[in-house]
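Presented sequentially are two complexes of subunit A, the first with subunit B as partner and the second with subunit C.
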Partner chain A sequence: MNTSANWQRSLNIYYLEAKTEFLKAFRMPAFTIPSLLFPLMFYVFFALIFNRQGMNGQMPAYMIATYGVFGIIGPALFGFGVGVAIEKDQGWLAVKQCSPMPISAYFMARILTAMQFALLIILSLFITGALFGDVVLTTGQWAATLLVLLIGTLPFCALGLWLGLALKGQSAPAVVNLIYLPMSFLSGLWIPIELFSSVLQSFAWLLPPFHLAQLVLKIQGLDLGHPWFIHAGILTAMSLLFLLLARRSFKRISEAK
Partner chain B sequence: MKFLIYSLVFVAILTGFIFLLPTPAVENPHHKTTIGNATDNTFVLTNVTVFDGQTWHQDSQLVINNGRISTDAGSSDELPRINGGQGFVIPGLIDAHTHTWGNALQQALQFGVTTEIDMFTALSFAQQAKLTRHSEAKTNQADFFSAGTLVTSPGGHGTQYGFPIPTINSVDEADEFVQARIDEGSDFIKIVYNHEPDYHGLTTISKQTLAAVIKASHARQKLAVVHISNHQSAVDAVTAGADGLVHTFGDRIISDELLTAMREKQVFVIPTLSVIASMAQSDHSAALSVDKNLTRKLSTSMLAEIKNGLKPFHGLPSRPDLLATAIENTRIMHEHGIIILAGSDAPNPGTAHGISLHGELELLQQAGLSPTEVLQAAGYLTAQAFPIGRRGDLSPGAKADFIVLSADPREHIKNTRTIVSIWKNGYPITSEDTTNTDSIEPIDEQPNTLISHFNQDSLKSFFDSDYKVTSDQMMQGNSTAAVSWTSNACDGGGIAVKGHIKSGFNYPWSGVFLPFSANMNKTRSLTAYQAIEFEAAGDVGVYQLMVFTVNNMQPVQIPFKITEQCRLLAVTLSDHPSVNWDAVTGLAWVADGSRLKPELASFAFSLDNVVIR
Partner chain C sequence: MSIAAIIEAKKVSKSFGQFKALDRVSLQIQAGEILALLGANGAGKTTLINLLLGRMRSDSGSLSVLNYPAGHIKARKRIGTILQSAQMPGTLKVAEHIELFSSYYDQPLSLQETLEKSQLTQLKDKRFDQLSGGQKQRVFFALAICGNPEVVFLDEPTVGLDVDTRRQLWRCIRDLKDQGTAVLLTTHYLEEADMLADRIVLLSDGRITAEGSPEQIKKRLGGKIIRFKSNLTAAHLSQLTAVDDYQAKGNYHELLSQQTEATLRSLLNVCTDIQDLTISQVTLEDAFINLSEHQTHEKIEQEKSA
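Then we have the complex of A and B:
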């Protein structure tokens, strides 16, 4: 009889943790401004100003997909990678572990925060592309792009979590940046992957953003033509690997105490 | 509860937002145009000879109203007039056999192919690409019709391209399978069939399944066309009731029985001689890529892409008999009144979208079709055979898709390459070339002798520009070069060029470049001069003097020999009439692909006393 009350109470914990996490992130301009503005700024530069006529005028639509991927990686990687690393060093993670709140609420809150930021970035890209880039897609394609990008934050949350648990708070921002920018570039998010040499194209297969970008581009039929389940499968496998590595780091931290 | 309500409101707003985003114009085959509502695609094209798809109209005019051909009479006096300069107007070409994705439709239009009939592509592309085909709006791509997913067996031809497609297992599935294709939006049904169960290591559907699929298509008023590659398979397909064959065959000369059956059942054929030429390792496609009429307006990147596509199938033996038999079969079928349609099968090896249809037209002329019949095979007859609406002809009501040629295609079908302008939905198509010709200004000068002695430590040329490095890296190649001043050239000071030729680009080069203006934005006429002279010495071998001219991304190459001893070399301009000496943008002295061998790859030479006199 009181299971429903219990259930509501525990849902409330998740809700409050997610809300406070989002507010905390949103009130950090150093996080909010680059996360929201960089993808949009790059999109305006590379898809609308410099390369508008590229790929027979398909560049603005193409880059909605690739800068969408670039945009959603940021909050996921930084929220987890840097956020968790700092809170771990400050002992805040330990406090959360001791509190009666289930630790999953802590991670769920961060995932939801990353997704909310992702949503803001995607919508701002959609509006910019539609208004200034003459991007025209079917309603189904717009919706599918949004959905795949939102779900696509998960592998990068997993990667960020591992980095956050493995790295020291001080070094985390530098290391995450060192991974984020080259990984994005080499995955063909800034320049279409077709223009890469074949060696670099093969190398991109090792990078998770490449696979997510191919999935999103497939919605418009602009991908390299490999089956979607290969990319989805590789992304899932990579996510599991990151989670496994994160678990190992988490155990090491717990045992060190 | 409150949380739930908030969430629902949020999702509703988000959904509303998604629906507000711009979507392609909805397909509307019954689009009506309002007469008198003058737009950019309403005008009269005067002073032209018009082929309307069936007959030629000498010294005539064409009335275009809102992107469609209109009747000659009426208010045409009030419409804007465009002078066609005594050009020859033919309907936009229709390629009846392609596989379309990526930028294919844009590329096709650059060659005057205004409609592509696709014989199998990814569904996601097909559903998007067909949306605008009945529109009269301004566009930069050809219209698109498609079989969508082809009908093949598990492990059959069509399944090997890396994306999963539904396949048919047995006769019983025919109705359901065809209905599924139609529900997906297939404009017609394309079936792959071979009479022997093993088809180059692939499986095939059975004769019974073939017949069942054709019957299921006809029951739903859909055309059923069949991919075959030999005589016996053609016999089976025609017996089973196929409406058309999408290839001809070269394994034997067509039998009288098959000929009779095809004529009686009015089966049409898309011979795709271009792709058969490629399988036979013919040099047919190589000729296309060097045809200046076809390539002069292309950007460097598109030209490179096309040249790559035009390379024949790799690793097949040379089989001139295969192509000869296929052409002969086409000739016999045409003689016996069987409808022949033009299709390239681009982008299979040896073919590329747009350009290869011009090659196919030439092959059809070789197969005995008159030039006018060839034009009908790429237009009027195609629109009779396939359900693609009013196109391929220029009679009132048809789409205003047409090409203006400078030479009469009745004289030779190769004149379809003398394209002056391409019009799609009544709008002129601008060239894909990004070089803006208008901003390139000619410079008139007195023909003073121009000399670079290189006596000072400087790479300054007689024009306001520096000698500099050029290499195939601008085409994603890997060759390198370094250019510097040296005091040890033939006559003291000169230019030292060192470099490496490496594989990467198809036509590797590296060396030194003399731009005729600092930004390559000026042309100079050399018509008042007689010769280009220079002294050179260095690693022995053949090098190239490249002459760059305006609107021609591919420079003309004039070979010359370098020896260890200094030699004075001279190029007499009148010996090279193919160069447009009136509008030169630069010269280059380079090593080329003949130095690809490792022992030759590294080269060095010096250049001195460059003179234009």
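Then we have the complex of A and C:
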């Protein structure tokens, strides 16, 4: 077989894998509705209804960034964390591992699905913020916010992958929520980090959403003022750590039972 | 041997802690052959399949599939599998599952062919979670054959299915064989092995206790056990008409016979002090125990004489 046909075939695997993964997630209302609606709902409550005048009237713009981060974490963490845990327990992952499927296609499909959901969430926040929150940003700022948030799904895919491989399918939803919600709060996604005590502010440095939020806020100049590469570097390091842990779990379950 | 074996296991052992799941198991499968691994739960069937699929590593011995080490990507491109009690994502439709899985292989069957061979044509637009147990199992079968494989591993493919749906799957499996696909099937139903297999390998406590055609195995597993007390000796009793096997069980003698009536007639003629006579069907579990005890006896005697 010549190389271009080979290429086409590989591409087809990735395309079909991504398509079916998206369909699979999209047809599960228990996944789709909370993923898409919670960030928007929280944004409406906390940025538009309650604290609209907070931070010198910048609250709606500030919270586009932080609820954007909150929104994109959900599909990444649940898609990987819960999705992988369930498919692992059902033996479906094992069936796929016995097939010639490139394992990268499996992960790539989940990353793309997480990003597609992220895109929908970000756009819904943008539109709501612009229409009802009087958020005015330059085109460059909108685009940069979108881009950083989309790339920002990756560390959470890595974290989710590790959780999904390490957890049992039944306990995964509870555990992922137990990580997702407190982590989001303590990273300043719901209430601006400036309002936290200094101890809590220091603690936030341990949490990946804090760093992503700082990167996104920097686009509007609303961050705490640390250089961007520190946050980006820490996020990269954390991602690598999660991937390393995921690899360890993956080896353990591949050599299973 | 003139034809290279499609699957070959040589003296494979595998332990989990103290538990010896497989003990020096060897077997071969040729092209177009259906081999049934028959055994009770915990006999080591699934362990052997997992080793052949490369999902585990053996402690010792060698395994090859299509001349590649077990689990090699080049082997995986030419095999199909049904793993035990797996589930697949429920929100996807039958055709979507098959289409995706087919894309993994170099020369897959067309969607239509796969659907036909798995008797799923009518169900292709149904979501997996809307299917019955037997239909679900046929979707797994479809995924196992969609890549047009040379060998198919079926780990208890019909467990938990009713008789009719089991028959449907049997038909699919027999069609596979007719096209020259080799099949390694595990089951704990003697009937299933009998219906499908060219050769049966009996596995008990991680050891092969018998191997042969369904007729040969049935001879050992089928028939009835005649159990009684008597002062006659074993040598004497083994000489009776149509006795396939003799065993002493405490104070009792046990005769295994395919032609129970003939054996009984000759027994009653010879044996005047017979007491406590019962006749019972051999169960698979009995047979496993008998066969493995038998083998242990033979081994001990071999070791003694060596």
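Note that the second predicted complex is superposed on the first by the 255 of 257 C-alpha atoms of A that agree within 3 Å, B and C clash if a C-alpha of one lies under 4 Å from a C-alpha of the other, contacts with A are read in each partner's own complex, and residues count from 1 in each chain.
The definition used in the following text is that a residue touches a chain if its C-beta (ideal position, glycine included) is under 8 Å from a C-beta of that chain, and two chains touch if they have at least 3 such contacts.
These numbers were taken from a predicted model, which means no experiment stands behind them.
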Could you look at A:171 and tell me whether it touches subunit B, subunit C, both or neither (first, second, both, neither)?
neither
Would you sort A:202 into first (subunit B), second (subunit C), both or neither based on which partner it touches?
neither
If we overlay the two complexes on their shared chain A, which of subunit B and subunit C does A:104 touch? Say first, second, both or neither.
neither
Does subunit B (first) or subunit C (second) touch A:92, or do both, or does neither?
second
I'd like to know which partner A:139 touches here: subunit B for first, subunit C for second, both or neither.
first
Partner chain in contact with A:58 - subunit B first, subunit C second, else both or neither
first
Using the touch definition from the top, list the residues of subunit B that touch subunit A in their complex.
3, 14, 17-19, 21-24, 101-103, 106-107, 122, 124-125, 128, 131, 140-141, 161-164, 432, 434, 476
Hey, which residues of subunit C end up touching subunit A in the complex?
50, 53, 55-57, 73, 76-77, 79, 81, 83-89, 91-92, 96-97, 99-101, 103-106, 127, 140, 143, 147
Considering the complex alone, what residue numbers of subunit A touch subunit B?
11, 15, 53, 55-58, 119, 123, 126, 130, 134-139, 141-143, 146, 195, 197, 218-222, 225-227
Name, in rising order, each residue of subunit A that touches subunit C in their complex.
1, 9, 12-13, 16-17, 20, 23-24, 27-28, 87, 90-92, 94-95, 97-101, 254-257
